[in-house]
Each structure stands twice: as C-alpha cells, then as structure tokens.
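Going by the order they are written in, the chains are A, B and C; count residues from 1 in each one.
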Amino acid sequence: MNGLANASSLFFLSAGLSLIFGVTRIVNMAHGSLYMLGAYIAYTCATSLGGVLGFWGGVLATAAALALLGALIEIALLRRIYHAAELFQLLATFALVLLLSDVVAALWGVEDLLGPRAPGLRGSVEILGRQFPEYDLFLLVVGPVVLVGLHLLLTRTRWGTLVRAATQDRDMVAALGVDQAKLFTAVFALGAALAGLGGALETPRQPANLGMDLSALGDAFVVVVVGGMGSIPGAYVAALLIAEIKAICIGLGTQTIAGIPFNFSKLTLVAEFIVMAVVLIARPYGLLGRAQGMPRHAAAIQDPIEPAGRRARLLALAVLAALLCVPLLAKASPYTLVLGIDVLIAVLFAASLHFIAGPGGMHSFGHAAYFGLGCYGAGLLLKLAGFPMAGAIAAAPLVAALGAAIFGWFAVRLSGVYLAMLTLAFAQIVWAIVFQWEALTGGSNGVLGIWPTAPFNSAWVYYLLVLALTLAGVLAMRRILFSPFGYAMRAGRDSPLRAEATGIAVLKVHWIAFIIAGTVCGLAGALFAFAKGGISPETIHVSRSIDGLVMVLLGGMHELAGPLVGAPVFTLLQDSVMRQTPYWRGVLGVVILALVLVFPMGIAGTIAGWAKRVAR
Amino acid sequence: MMLEADKLCAWYGAAQILFDVSFDVGRSEVVALMGRNGAGKSTTLKAIMGLVGRRAGGVRFDGTELLRLETFQIARLGLGWVPEDRRIFTDLSVRENLDVGRRPANGGPAWSEERVFELFPNLAEMRERPGGRMSGGEQQMLTVARTLMGNPRMVLFDEPSEGVAPLVVERMAEAIVEMKQLGLSVLLSEQNLHFAALVSDRVYILEKGHISWSGAMRELEASAQVQRQFLGV
Amino acid sequence: MKPLLEVRGLQKSFGGVRAVDRVSFALGEGEFLALIGPNGAGKSTCFNMVNGQLGADAGEVLLGGEAILGLAPRQIWRKGVGRTFQVAAIWGSLTVRENVQLALLSHAGEVFRFWRPAAERHRERALELLADVGMQAQAARPARELAYGDVKRVELAVALANEPRLLLMDEPTAGMAPRERNEIISLTKRLVRERGISVLFTEHSMDVVFAHADRIIVLARGQLIAEGDARAIQDDARVQEVYFGTGRSFRRPSA
C-alpha cells in the first residue's frame, strides 16, 4: 500500500520526463531539479500562507509556477540545442541542475524542510488491520487519475494528437502547418508542471532537501528505462513496480534466511537494479516502450587518429620533464605537490572516460562509479582485508573492472540517451549502496586513515608514483587505440552495421573497451584514496561523472590529447576560481553552458583546427 | 503566378543539390518536374517547403517570399506537400492523421473529412485503423487526403505513381485532375512519363540539379528526341 | 549448375501485411543475379533475411547446402558472404587503407589483439585490394572525405577482404551518376568473375540490370512473379503490368 502511494510521485516525475523526451528527443537532466524546486515552492506556500489554501492552493500554484519556468527554459535554452549533438543536450540540461541547485540553496538554505501535513487528510484509516494514512490513500488515487487525465489529453484532444504526431515525425507535422516551437514549449511546460506536482505532493511525507534533485533524477531514469521511453502507461506501470519492490524490501525488514540474518531494507537499491537488469535483458526498450529507431551513434565522424609526430613527441617530453621537476618545489610550496597529484589523477580519470566516450562513442554519465569502486576497493582492502598498500592499489582496479564488466554488459546494448541514463542510474546505485551500507563503508563518513606507507609516505615520492602510474595508464590506452582492437572500437562507433557485416562482434568489442576504461578509472580512484587519506561517498557522486565529461569536452572530445589538456585546466580552474565562491556549482553550470553553446570543439580541438588551417 | 522559383539553390549538409533552378507554376495549372533518380526533383519540393539544410535564391508563393519563413508558416500560406515516402503517422488512426492536417480554409476550397472520404472511399472504410496497418497504396491515399485537409491553394506532389498499384496510380491521377478543377495549382515530381503526360500542362526537366529542358507537355510527348536525351525513355 | 545459394519458401509479415510471401529462388556458382521489383515489393525485406539482418517467419536459406537463416550477419560473413549497403557504409574515422586492413584483420581472426600496432598488419594485401578497385592513390585519406563513388569502391574492397563465395549488394548503384553506375558495376563484375564469386544484387536502375545481370528475378507485392534473362523479363506481361507500363493502362479519368 505504501508502495502504491510512493508510486504516484515517481509517476508524475517520470511521465513528465518521458513526455518531454518523446516530443523533443531531449532527456531533461534537470527534471529532478524541477521536482526539487516543486517541493521547496510548495513548502513555502504551505508554511507561509498556511491552512487549506496554503497547502492545496500551494500545490496548484507550484504546478503553475513550474509550468512557467519550464516554458522559460524551453524558450531560452532548449531551442538553441535541438540540433546539437546528444551529449551537448545532456550536458546543457545538466548545467541547469547545477544552477538550480545553487538557486535553491541560496533561497531556502541547506536545512531539510518538512512541510505540514495536508489539511483535511491528517488522519488515518484502518485497512486489513493496519493503520494507513489518509494522505497516502489520496496519493494512491491521484496517480491513476492523472494517468487517465494524461491519456485522455493525448488521445482525445487535437493537441494530444499533434503531440503524438510530432513524437513520430516532427518535420512532417511542421509541413502540415503546425508550429512546432509552440508545441514543444507547451510540452516542456506540461512536463515541468508534472515534475513540480510530484515534488509538491511529497512535502508532507518527506522533507525537501538539496539532494532530492539527483536522487529523483536517478529514480526517474530507472522508471523510464523500465517502463519504456516515451510511454506514459509504461511510466505508471514501472513506477508502481519499482515503488512496490522498494516497499516490500523495507516491509520485510531483517529476515533470517538459512540461519543468516538478512536486512532487506538495505537491499532496495539492489532490487531496483535487478528489476532494471531483468527488464533490459527481456525487453531492451522497456516494458511498454518501442524501439525508437535511433542510430546507435549519431555524432560527427572525426578525423583518423595519427601517431604523434616529432613535434608532439618533443612537446610531450618537455611536459614530462616539467612534471618531473615539480617535486623540487615541494619545500617552497607543498601545496603544489597536492595540486599536482590532483591534476594527475584527474588526467587519468578523464583519459579513461575519453577512451570509451571518444573512440568508443559511448557517452557514459556514470564514470564516477568506477572511480568510486577503485577508491573504496583500495580503502576497504587496506582497512578490512589487511592488504598492503601496493596490493590494494593493484587489486582496486580489478574491483572497478568487475563493476564495469557487470554494468557495461548492459550499457553497450544501448545507445545515446539510453546509455547515458543507464550509466547514470548505475552510478547512483553504487553511490547509494556505499551511502547505505554503513557497516562496511562507513556510510556518509567514509573511512579515514588510508595513508601511503613508506617509501611513499612523503608527498614527493607519492607524487612520482602517481605520475608513473598515470603515464603508464594513458600510454597503455593510447597504444590500445592503435592496435587492431582500437580499430575495431572506432569501426564499431562509426558504423556498427558495417562492422557486424565484417565479422566484428561490436558489442563484445565495446564491452571490453568499457572494462578497460573501468579498470584504468579504478586505478585513478585507488590513487585518489591514498592521496586524500580516506574515502567518502563524494568520490562516487554524479558531479564527478559530470566533471569528467566537462574535462573531456573542455579538452576536446575528438582529440586524443583532449583529456590531457582538459583535466588540468579544469582542475586548476576548480582550484582557483571555484574556491572563491560558495556558488561554485552555479559557476560550473555557466562554464558548461558556455562550452556547449559557444565552444563545442574544446581547447585541444580548437588548437588542432588552427594548426590544420595554418598547415594549409 | 502562383509559385515562382528564381535561381533557387539548396544544400544537404555541405553538398549542393540544386543550382539556380528557376520555374513557375500558374493558377490551377499542373506542372511536372521530371528527370532521373537523384536529379533533384524531391529536393526542389522540399526546398520550397523549407525542409532542406540551406537555401539560397528565391521562391515566391502568391507574392510572398518563402525563403525567410519557417516550414509551418509556409504550410499556413496554403502550400501542401505530399512526400514521396508518405510519412503517415503510423501510431495514429486514419481520422487522427486527417486531424493533424486540418487547417481553416484559406481562400481555397474547404475540405472536410467527409469530402476527402468521397474522393477516397477506401479510407472511409478504415477510419479507426492505425496508419501503420495500411498497405502502401492506402497510405498514399491517406497522405493526399491529409494534405487536402489543410485546404491548400497549391499542392507539391512527390512521385505520386512510384511504387503503388496501377489502381492507386489511377486514383492519384483522378485526385490531381480534381484538384485542378477546383482551382488548385499542382507541382508534381514524376519519373513516369505516361503518368505525367496524363495530368500535367507543362514540364521542367531536371538534370543534376539544373533545369535542362522546359516546355509544354504536348511538346515533350511529341519529341522522341527530348525523351531519349533527358529521360532515357 | 549446382546452386550456391538456395532460398525456399521465405516468408515475412509486418503487422498483418505480407512483405515477403513464399519466395523461392536459387543462385548458381559464379552467377550475377538481380533481384528487382517496384518500391515496397519486398526486395529489401527479402534481401535482409538472406544477409541475417532480419529474421524470417518461415522458409529456408541454404548456402552451399548449409542452413544460414537466423544466423547473425557476423556469422554469415564468416561463412564467406561479403556485403555492400544501399547507402554505402564504411568507417569514416579510419583511413581508406585502415578500412580494408580492419576487414583483413577480422578475416584473420585478429581483432582481439590489444598491443601490437595494427598499422603494419596486412598492409600490402590491403593496398592490393585498393589497387583492384582503383583506390590505391587515396589509401592514406580519411574515409569520410571521399566522394560517394569512391566510398562505393572502398566498400567493395572491404567486402572482398574475406575472399567471399557470395557477394550481397543492396542497390550497388544507388545515388550515383549514370556514368559512375556503369563503371562501378563493370568493375564489380570483373572482380567477381576473376575470383569466381556469385553475386545477388537488388537494383533500381533498369539500364544496369538489363545490361549486366545474368538472370533477373522480379518481386511484386511480396511474391516472385517472374524469373529469367533480360529479354524474357522485358517481354513478360505481368512484369510490364506491375513494373513498367503503369501509364499505359490509364484511361483519362472522365471528369
């Protein structure tokens, strides 16, 4: 029963996401943020006005406000990026996540805010011998009501017919005289209103907080992947399924199976993952979804990669020599070494992401998962399994590789936005497991006291170790790209059809590439654990995945040197500019928007472009 | 003149498909664009509708310059487009497909659901059938019906005789003649000389994105030499 | 002549519409066989069931007596079937030579090698194949920069890399100028004759079909309606009706 009530909010959220995607083909990463904003606005209405008007009026006012905001976002931002590459669309809407997060923090503060209970529905009723809150009953009813309402809107009105037609063929609709721009704005507004409604209705049940945006986004992704992108009934069925499974896990509590106590309530996220996995194996486009006829990869074809010329080699050697000299500064400015280690780890992290995102064409939005697995793998092997430092650093990438093997098996079967959503959802699951499994991972506190042992306990020696391993990792991936396997990776990205018709098992190639990237990323995570002296859930946070993508884009997705340029620039920028302001997220959001709208080639890409023009 | 193209150029991506194409279509005139596969016939129609990447030159419809307008605005001026690949909304029923096409009458004849069903009686028998479950010929009729629901003053008709049964081809010919009688202008892209000869008044022949011959339909019918040279008949 | 490829009772429906309806035909060793039909006749559906891209509802496809229906395109390729696409597909971010090299690497079972650079592997053989299709001079160019006709040539070299017994070509001349059409089809014919390869191709351009095909099979509304050489097909009344002569059956609508 509780699950049914939870399903309603989840459904509103996911239905909006699904609807927007169906028509605009954009996955709105900021959908969770609209949900969060809905919760905060409704809270303010309910507490400041109070009473029936404050609460119920507030819920409606919230939906209206979000519709307006949605329309504004569509007109100001989305219209500029309908024709951009998918990755840019995802990043641009993610920039909104960052901006809105800081807006909420600035307006409402960082405290959790629990709204008042709903006027008129404060009591509870007894059903089958159990007390059941009236408000939950109300939610239980309102979900199907909205489902039916949406269904009627889409099937019984001309507007709905136009939306469904536009979902299928936008150009044809325009050629019949329909103003798509208005239609898109309206759809986005409706989707945003639904998200806001979902958030507003949750305020009496759980406090509005700053983490809602991403947790809601992760949930919504799981729901639309399970239900089928673009299917409203699918979203409802999936929301019901997911919410029920969570409720059952929590309801079971601790049970003893075969003599071993087993805490099911901690298993909710794993259960969610298993449901998603089963659905994706059986029906790759979700329970009620249909194949969207999307190319597996639609990005612009890039230039062939070439072995470094003499000049590039000399430049690389010079940079290496400079990096080797950094320890000489250790005495004068110890912070330089710390920053140097950060930069090197960022380079390794970004390079591993670039490996699959660039030549592999798989834009992972959850690369932090493998970083986190490496980080926690190293920390926990050291602390709990008594591994020596070298053993922990050697074994941690294998932990990440195992995670990448499991998640990658699913991910390579999908493409484009589906792949992005799935990888992000996987990363959220890893994050939640780490966060919830306190006994093992230390929960939100993490585990401290993970320091390098001699001789690496002095910063400059550890710096050299990181430098050596980063260099080894980057060069190894580079070498793989020039091997037969590297050709096959790029071929699988350029034209999977041709590759399959030439005897190349594209899924297997991309799966192995995914595992290689996960392994290297795990190494970066392990090095990070020892550099910071501890591990915490922050290492797996979505923002790290996004940072990685920004580094890669900043450097240039289509350049082998992209991550090597982007990661240091980003890390130094973060260190200098973003430390100055409490609103660094907002600043990062603006940086991302600038990248997407003005500077899509990245630094290395732009320089390479100049070099080519000069050469001609 | 209803439609006047003046040195129209069009590109897909970096590739230029049309080069300075000029032609005109008069009121209630049926004009055929002929030529081989890949000559640029479909592209010309799409360029008029604003459905290609980039355009240059000029196209005026009843005095309004189209190059600066968006596709939906062009359609609202009273230009209907029947695409070669039909582009039926397969998830929508026949009636819903017609509903998407519906627009208020625009000085021209006013079409209603019932009137298009009179023109295509088969469609009347499958009003609730989803577009995806119709045969190619039925889809072709639905596409024409959907376009008429927009009450166009001129119809751009892409390859009406391509890949459909002879019976459907005849229906298409009848529909074009009916449009002409109602005062509509029609610009036709066609490879089949027999079909074009049956319905059109004048012809422009396209070759590799250029107009290489133009004249009255009767002239083309009479000249085996022109037919051989440009159409490979 | 012993057939290399046998198609028996092939059938496929989409949402109640029979796209391919009990189609049977055979292709002999070294034969150049055209599969034609008006738009929507079921050519592509039929073709895609033979090449493994599409499953069939019923029927059999035998290659040298071995059942291949239901195998993945990858596996069919391993049985010695090369393929070209309607919209020619090559790997744009590799160079022309690398495209052919990768096909050769795949043929040699060397795709899953991670360390030794691929640039020198099968280089000579790749250049030979490129010379065969007249593309040796452009070997070092990025494939995405090629003109469309040249893309078709490279695709042909890629398709020949596994020394196929059978070549499946979907509209080999689509999107090409008339002169290029004849060039590519003559080139293809010379190369497959030299190697004893059989070819099944679909084609829109009648000039190409009548000038080059050894034999022609005609599909209309999912069914095989005629089979024979160019003359027999041109004279076939049913083919005339569904294919060429639509206009002749017209009466001017009385209005």
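What to note about this one:
In this text, a residue touches a chain if its C-beta (ideal position, glycine included) is under 8 Å from a C-beta of that chain, and two chains touch if they have at least 3 such contacts.
Computed from a predicted structure; not experimentally measured.
Set against the Cα centre of chain C, the chain with the most distant centre is A.
Counting contacting C-beta pairs between every two chains, the top pair is A-C. Averaging C-alpha coordinates per chain places the centre of chain A 46 Å away from that of chain B. Here the CA centre of chain B is 32 Å from the CA centre of chain C.
Note on chain placement: the centre of chain A and the centre of chain C lie 42 Å apart, centres being C-alpha means.
Partner chain C is touched in their complex by these residues of chain A: 301-305, 307, 479-480, 482-488, 490-491, 493-495, 497-505, 509, 512.
Against chain B, the residues of chain A that register as touching in their complex are 158, 161-162, 164-165, 167-169, 171-180.
Chain B meets chain C in the complex at residues 36-38, 132-133, 135-136, 161-166, 169-170, 173-174, 177-178, 181, 192-195, 197-198, 208, 232. Those residues of chain C that touch chain B in the shared complex are 15-17, 38-41, 174-178, 204-205, 207, 221, 241-242, 245-250, 252-253, 255. Contacts from chain B toward chain A in the complex involve residues 49, 51, 70-72, 75-76, 81, 83, 87, 89-92, 96-97, 99-103, 146-147, 150.
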